[in-house]
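Next come two complexes built around chain A: one with chain B, the other with chain C.
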Partner chain A sequence: MAGSAKGGRFRGYGIVRRILSTLVSMVLTFLGLTIVTFFIGRVIPIDPVLAIVGPKASNETYDRVRLEIGLDLPLPVQYWRYLSKVLHGDFGTSVITSQPVLQDMLHVFPATLELAVLALIIGVVFGVPLGVIAATHRGRWQDHLVRLLSLFGYSMPVFWLGLIGLLLFYAKLGWVEGPGRLDIAFDDIVPTVSGMITVDALIAGEHDVFVNAMQHLVLPASILGYLSLAYVARMTRSFMLGQLRQEYVLAAMAKGLSGFRVIWIHALGNVWVQLITVIALTFGSLLEGAVLTETVFSWPGLGLYMKNSLFNADLNAVLGGTVLVGVVYILLNLISDLLYPLFDPRARGRS
Partner chain B sequence: MSGAPLLCVRNLRVTYPSAQGDTHAVRDVSFTLGRERLGIVGESGSGKSTTGRAIMGLVPPPGRVTADELRLGELDLCRLSERGFRQLRGRRVAMVLQDPKYALNPVMSIGRQISETHRAHVGGGKPAARRAALEMLEAVRIRDPERVFTLFPHEVSGGMGQRAMIAMMLIANPEVLIADEPTSALDATIQTQVLAILDELVRGRGMGLILISHNLHLVSAFCDRVLVMYAGRVVETCEAGKLREAKHPYTRGLLDALPELGRRRELLPQLQRDPAWADGA
Partner chain C sequence: MSGVTLRGWLLDAAPASRRQARFGRWYRTWLSFQNNSLAVAGLLIVLALVLSAIGAPLIADPQAAILQHLAQRLQPGSAAHWFGTDELGRDIFARIVFGSRITLTIVALVSAIVVPVGLGIGLPAGYFGGVVDAVLMRLTDIFLAFPRLVLALAFAAALGPGIENAVIAIALTAWPPYARLARAETLTRRNAEFVQAAVLQGASPISILFRQIVPLCLPSVVIRLTLDMAGIIITAAGLGFLGLGAQPPAPEWGAMVASGRQVLLDQWWVATIPGIAIFITSVGFNLLGDGLRDVADARSS
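For the complex of A and B:
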């Protein structure tokens, strides 16, 4: 009625404003992130000059380098120089690899992405239905089983699960391949396109490489996926319980729809709206959780790279990795904001 | 009232068991419904909504429904399985809920929600359901059915939402409609409009209507007969026009407590409850 005739223009305005405010908050978050990494770089008890010149350098060399990297300048000026470097993709050079940090990260990040994407798929594909079943069978054995499964999932340390998994499925049963991304025999067969070996193998049509890569990938991805499953199932259950109490569920039943339709179409349609943020944040935590998993599985990804950099006081690499993970979080927030209108018509601007 | 009753209820009881003992939400309620408009009034918690839900098999567990007789036409609802109830809901008995803001699914278009009922009961696929839904939207006096069909619940007013709700519930031609406070979430002017539409459809299709409300004025003006419920029991049944002559002290108390234009009173009398009413005195 009056809604769309009067509201049309304002709704169009609303969506522009929403995009603008998202962009502004993205920029602010990014600035905050760089301020934090900048100060970590200044506070941490590692002398950046000493790291470059080495302990045997003379005092003159030390002072010259100190001036060269601008440590005598006031802090705001130093921050400004740091920010403009970061914006140009210059995170400095890694001490361990003697390569630009950006290049290192572009090399290791796809490995982590591959792991996290598969883990997320496992977590959502199994976690959401399990959460729904737990909610619709509240208080019965199905509910208890799912809750036990989730509780186990987020109480067990991931490195312990990883070790047990390796012991059982690799050493004892031989169902999967061991640590690393590929057997040595398969190295360097497929050209790097995306950096994700499974994807690259598919692009090159190398079936054997794909199978071998999958056999390496499936165990660490399942273990990470189990962690996200635990969280996704728990959240789905509680969102679903909330939706099942709503009047529209009663109305859908009163229309004579099957229980299946009421639960999996009507109620779950509303649960997805709430789940988007949860899934986006889960994906972010998978990238972090990868540190331990990658160490256990010798998976040459961002987690392993950051761990090695930390243990070797490779400051540039650590800060670069921190900025990268932060940027991924910012992008995930953006993506979930953009996904909302797909699942929720109330977030859609309609002309 | 004409012909055999559509709905026959004898000694309906709804009980919720709990650790502190059973709660009797509905106790020995009996009535019959023909092609008429039956009002059920009573305060919150008097069991009027639960009575409506029991007829549709929608009392949530662990609630227990028993009755000496619960019949819809020739069909015995006491022995009906969940599957049987599913075929019955929407097709033979439907229910309009109080607030369209909550009773319509916010993420599904109005058109889809209306055609869904048609597809579940009548069949004939998507195009047929769409045509039927557009006709139904016209029947509830929506001027631009094509446009409203594509709208989502948050995009329409309360009155239009409630008309969409009526369309959704009547599209499969049920015999009995239970309207549970269908207008109490609406503005006073819209209330009359929606009731007029409801009345027209119910009469035109020869349906039986159960109007559940706490509004005595509305029920006495709109219905043919009125049941007054208190603490899960029917304490009084009377012709709607003769509600003023009601005998039961609870009904008298409710009527006394109604404010009236042109009759000034220092204090509205308070309802003096007699514990004996709850025991069916």
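For the complex of A and C:
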């Protein structure tokens, strides 16, 4: 790239520093997250031993469990033990399924991922063009319409929107299938490869299964997608307005480029850089929104797993899920931090 | 005639007293705010929420919100029951009205935690800089990266469901933006001349922060708070929907949606109407917040 001979070394130094500081903050955030879950799990319950052994246990059992979970040790030592377990992927055993929590979570996570990925695609595919149109038609009806659409999107409780969607599109109109991931008739036809039924059906070449899975998926994904659309459109609009004020837009117009080209290629090309962070954050909030959406649609993903664990007092499973979602959050932040300089040459030299 | 003089007094370009200047500034802010009809609509919605919370017993019958009339269960809307009745024969309108108290309580409690904590972290970080800043802001970044609803779930799992625990869980994840805001506001002002003047007069850092800087932070904190309200209300309703917020028979809107879920296909209003209440309330806060921000932006530019 031009100018690399002149500033290459400093620029390289900047990147290394940037990556290092991002990694440090990532590690700190992970420690913070585990400290919070540690406190929730070991400190807040008035008597963690009683929570495990139940009120009818004998004194010997009580003392044995107390030593087993290390409650006699100082708090920092207890935390250290907890942290090293988490780092080894050991979140304890689920009370309901009597399986390791990690195994449970890996089993249900693909369902959540399938839902969140499709929702994100919907949000970006519709949200970005809507944001661009709003920005280029600033103050006109298109702009007001998009702003209204966004306003409704982030004022809407997702669980309620899900119920209304079920009432309308499933019960009244019959356009989509109801709760769950598949009709019973289609269960266990395709072998599990990725855990995402739509993908597995495509791999197995089972067309009917794919269509049925899509009919189940499309409504929850659209409803989650609408929420991300609201945020993506709003941010695209404001980033785009920032770009359209720049002189290069005027220069490109003066050079005789078509308005279409200037807006959708040049200006939007620069907006993508800023949108990466927004999209990463949106994906994180989609995982969260999935807890409520999965409850409404009986979608057997991580959210429903956590919710069911919660009501069966399965603290290990709930905290395991919290750590997992938190780690995904941290990784998304990391990815957006690291991708940013790749797309924005100006950010490369900054330290 | 007196209206004209009052207006003239308020808009006087050369106010004679500090009081006149202050009222004049408020009046000008109001004038630019009321030009934005959407923002005024938001204000009216929020006022309606506050009034219905305060005057709930005057608007609706407290008994109808709690007492079960199984003979009259799942009635559609009528003159006696405007929004119909739920699965236990309770009047949905009365429950919505009394539910506004719960919503407002949650919002008020979260604000009462979030603002002091945010200021307490952000002000010293911005004013002292250096190590204090680095440590406090790292802490803020850590909490900023937490998934709100999921953490609230974990809290509720450990503490048990309830409105207080929902408030704590929401507040724990909501304060970091306020710390960042307070830090940014402090950074732009810590070298201002009026701060230096106070330092020369021997004012302590605490007195400078509270008497000089906090009053200047408050407008942006209030705007941010108004914009956050919608998210707080929706998260609280989500916890209620999952059964982790206010417990039955309290008329919490999210829990009301959940209870209407079983009868959704035949008695749609039981789940739909509380959802509309949540929706309108958060639209109100969003519109009001947007309007306040526009006024603030116009004044600063």
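Keep in mind that, in the parts below, the second predicted complex is superposed on the first by the 333 of 351 C-alpha atoms of A that agree within 3 Å, B and C clash if a C-alpha of one lies under 4 Å from a C-alpha of the other, contacts with A are read in each partner's own complex, and residues count from 1 in each chain.
In this section, contacts are C-beta pairs under 8 Å (C-beta built on N, C-alpha and C of every residue); 3 or more make two chains touch, one makes a residue touch a chain.
None of the values given here were measured: they were computed from a predicted structure.
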{"item": "Partners on chain A (chain B, chain C) - clash or fit", "value": "fit"}
{"item": "Touched partner set for A:175, first chain B, second chain C, both or neither", "value": "neither"}
{"item": "Angle at chain A between chain B and chain C, C-alpha centres, nearest 10 degrees", "value": "80"}
{"item": "Touched partner set for A:333, first chain B, second chain C, both or neither", "value": "second"}
{"item": "Which superposed partner A:269 touches (first chain B, second chain C, both, neither)", "value": "first"}
{"item": "Per-residue touch tally on chain A - higher for chain B or for chain C", "value": "C"}
{"item": "Touching partner for A:287 - first (chain B), second (chain C), both, neither", "value": "second"}
{"item": "Partner chain in contact with A:246 - chain B first, chain C second, else both or neither", "value": "first"}
{"item": "CA minimum distance (chain B, chain C), superposed complexes, angstrom", "value": "13"}
{"item": "Chain B and chain C contact sites that coincide on chain A, given as residue numbers", "value": "none"}
{"item": "Chain A-touching residues of chain C, taken from the complex the two chains share", "value": "138-139, 141-143, 145-151, 153-159, 230-231, 234, 237-238, 241-244, 254, 257-258, 260-261, 264-265, 268, 271-272, 274-275, 278-279, 282-283, 286-287"}
{"item": "Partner chain B, residues of chain A touching it in the complex", "value": "1-4, 246-248, 250-258, 261, 266, 269-270, 273, 343-346, 350"}
{"item": "In the complex with chain A, residue positions of chain B that touch it", "value": "56, 58, 86-91, 94-95, 97-99, 102-109, 116-117, 120-121, 151-152, 154-157, 160, 165, 168-169, 172"}
{"item": "Chain A to chain C touching residues, read off their complex", "value": "25, 28-29, 32-33, 36-37, 40-41, 44-45, 151-152, 154-161, 163-164, 166-167, 171, 284, 287-289, 291-292, 295-296, 306-307, 309-311, 313, 315, 318-319, 321-322, 325-326, 329-330, 333"}
